[in-house]
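There are two complexes below, and they share chain A, which is joined by chain B in the first and by chain C in the second.
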Partner chain A sequence: MSGIGTGYDLSATTYSPDGKVFQTDYAQKAVDNSSTALGIKCKDGIVLAVEKLVVSKLLVERSSRRIHNVDRHAGICVAGLLPDGRMVVNRAAEEASNYKSFYGEPIPGRVLCERLASYMHLFNLYWSMRPYGTAGLLATYDEDGPALYLVEPSGVAHKYHGTAVGKARQAVKNELEKMKLGQLTCREAVVEAAKILHKVHEEDGKPFEIEMSWICDDSGRVHQRVPAEVLAEAEAAAKAAMEESDMED
Partner chain B sequence: MLPRPTTHSKALGPGVAGPELAVATSAVLDRPPQPTAQRPLSGAQAFSVDPSLVESADGPRQHTQYPYVTGTSVLAVKYAGGVMLACDTLGAYGSTKRYKSLERIIRVNARTAVAAGGEISDFQYITRLLEELATDDYRTDDGIELGPREVFSYLTRVMYNRRGKMDPLWNSLVVGGVEADGTVFLGTVGMIGTHYTDSHVATGFGAHLARPMFRERQSDDMSEADAEALLRDALRVCYYRDKQSINKFQVAKATGEGVAIGKPFALETKWDYKAFAAPTKWAIGAW
Partner chain C sequence: MDLGPCVSTEATGKSQAPHTGTTIVAVSFDGGVVLGADGRVSTGTYISNRASNKIQQLTDNVFLLRSGSAADTQAIGDYVRYFAEQLACELGAPPSVATVAKLVSTMNYQNKEMLMGAMIVAGYDEQQGGQVYGCPIGGTLVREQWAVDGSGSTYIWAALDDAFKEGMTRKEAEALVVDALSLAMARDASSGGIIRTVTLDKTGAHVRYIGGSDVPTWFEDLPAPNAAAAGMAVG
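Coming up: the complex of A and B.
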């Protein structure tokens, strides 16, 4: 019995003497090690963006998605273990569909977030289960307007103006804090998101692609992938900005 | 109602309807019991049984298997580049014109429209099914959208499945739209799952009144204006002869550009045709 957990990390039903549940912490680590994802709440909607490392040159472009539709008015960007993420997304879709058939109206973002958090939390309660190694950035647009939530493996969920998960989350959060999110439009945010992801990825040097979605007036208040040409424009702008800052150095 | 006289004889037991009491009470005298087929006064077994009094062997009686609020005919034709669907906006409760602004045409997705006649609540249920189907399709996010042919196929299965349960959805549905490759699709499904595709379809009364006109005047490459004129004429004919229709119609177009459901409108009508005054004059054998 030696090492980091020293016997208290074998199941999610055992606390360590200083009050930690190590399995939950480890699940969070799986998320922290994932490639970076970010969400921005703008004045007219939400933008989700995620970098995806290209693990092989043989990989088909834009395969293995990390941004999924949950309903027309909701989408999730998953960070961490992708297969776990898919389970969470499927559950979210089920909740959305159930809500719609029961109440006859689309599920409000707050409710969807609450239900997802409860679902994630379930896996922290039994020794026979493993907490999901995934966190979901949830973008919704309902009667109360756009909203961005982050649901974590522990079952914790918060509503954000902007947030990030994954390896470079701290760097991204620093960038987001500098921005005036309340005055940004989604079109501008798409470019900003591309810039941020390119910037925080700089040292790494590995090839990556960006997946981005939005839900705003431009998309008809429907969660959808950012159109290819808009994304390409944003990436071009991001690369130009990068080169510019290189020249200054 | 007065209590039925019951015997207190130990042979029969208390509370059992039996022979007349030896000493008639005032209640009995006031209202002497009458024998019925189900309860003979002799206390003998009933010799005939009213089926409605006996609980059926296969569960409670089903009361939902008749239409209540209904829509009448739906008409649809193919034309160059699309499909046009038309129907009135009435929800009839028997022959009462109960709901006069029911929209019976829905947009399923950018390429498919569905119109329905028959039980309106069943159509609302089908609408929900189609909404779910379309949302699921949207969620898949693979850049492929369900085409009218797929929606049609789905509906044929739903309708046939329900008739297989002896609990049919009481509708005639018309599915129209344009496939991804530009092919124009038009088909109809009946309440028991019977289905076919054609260049023009009409459900209900329209199958008799409108389709002869379609056979004469419809062609797949006719212009949109001609198609609309044809449909208006057919609607008028249906309105003249179909008691359960009103003069408030809707026309929807499904083309490569999408589905456009038009605003309700009324048609010019003329009721002083001589043939209308004596409708059976030239109809030999009619009265």
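Coming up: the complex of A and C.
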């Protein structure tokens, strides 16, 4: 990849003349090329959803996880380089566990987010390490209610009503902006998320799976996979919506 | 020749380190907690401080009652205040009473070989209102409706069993704490002097000082000497 960053992109400790750290930008590209993941903050919880391309018929269905538990009240969906994502999730789990052990209460969502963002930022500072090529959609439910955060490879983290990462993130965000997110329940959001993912899935003919998790009042404020029946209903509704729109064309 | 209080203990067999032989009490009421302590610090039979403050503030809304080794409990209080302040910066909000109590009990547990601190943590927060936590020697942490500790506490367990009621008013709880402390101070040689109380509710911390002559007296107690009268008698 010669061209734009030539010469200034060889290490995370070099700025370009226009103030960029190219290694960080390249890490972000790894996330942008990943399959699409989205998160929605509803009035009663958070829904995380991700499109998983099935690369081989030999893979056991629904086996490779993109969404992981961090603690009972927190979960992360990773996008980008998946092994990097595993390390980030492990770190988050460690932070949550240490906090609980030392302070006697579950780690608040905003503290976990800060800790994770700080951690990811660390790898943008030193020559000897590369930035993580992952972004994490962090869903938490604590005393202040449900919260959705996105932590990016640069260490930037924000709190969202709804957001997406990966290939079709712009299309998903356009859909999310049309919705009244604050008024949805998680059950409704599960259906909407399935519809959106089916709609933005570009590679026709390439099979894909949807993995979804939620943390809401219905789940006892515990982060868990969306129950199989609920997900099946949502996918059926999504497929029906796609056929309808095909017929309209 | 009297060599003063800092010499051998073979005769008395008592420990010589300054020791908060104490009575400390904390009681929860409808809307907050009341904490109270006596003021006596003794070194053997010498009262090295007759008006000490055994109530230490840990955060805006959480206080610590100290009994056992004065040095140990002061050190623990200082460490916990430091950790709690750091946590408040990270949280952007005051830590909960439960968390502060956990910090105290953790120090007790991790250093149990070296420490002798029997403490009570009490405070008020938005999440659970008024709370009392016992943090005895060894590192136990247990939430209670009321707690007592210190050498004088042995004389008032039954009194509190009898008198404590859930959902008391602030005035009733304050009166209960003062009564309990004065009962213990009347019987325990290592407790006495003055009473200090702190009441915590959503309006904040309210500190009270009860001088020696205002401490309630009980059956067969001699009335506190009147300072003016004593002066006249000597002069």
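Everything below uses one rule, namely that the second predicted complex is superposed on the first by the 243 of 249 C-alpha atoms of A that agree within 3 Å, B and C clash if a C-alpha of one lies under 4 Å from a C-alpha of the other, contacts with A are read in each partner's own complex, and residues count from 1 in each chain.
Everything below uses one rule, namely that a residue touches a chain if its C-beta (ideal position, glycine included) is under 8 Å from a C-beta of that chain, and two chains touch if they have at least 3 such contacts.
Worth saying up front: this structure is predicted, and the values here are computed from it rather than measured.
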Q.
Taking the superposition on A as described, I'd like to know which of chain B and chain C A:167 touches: first, second, both or neither.
A. neither
**Q.** Partner chain in contact with A:73 - chain B first, chain C second, else both or neither
**A.** neither
Q) Is A:108 in contact with chain B, with chain C, with both, or with neither (first, second, both, neither)? A) second
(Q) Is A:143 touching anything from chain B or chain C once the two structures are fitted on A? First, second, both or neither. (A) second
(Q) Applying the document's definition of touch, where does A:195 land relative to chain B and chain C: first, second, both, or neither? (A) neither
Q: Take the contacts of chain A with chain B and those with chain C, and give the residues found in both.
A: none
(Q) For a test of understanding, state which residues of chain A touch chain C in their complex under the given definition. (A) 102-105, 108, 110-111, 114, 143
(Q) Looking at the complex, which residues from chain C come into contact with chain A? (A) 87, 90-92, 95-96, 98-99, 101-103, 106, 127, 141
Q) Inside the complex, what are the residues of chain A that reach chain B? A) 65, 68-72, 93, 97, 100-101, 224-225
Q: Under the touch definition given earlier, write down the residues of chain B that touch chain A in their complex.
A: 128, 132, 135-136, 138-141
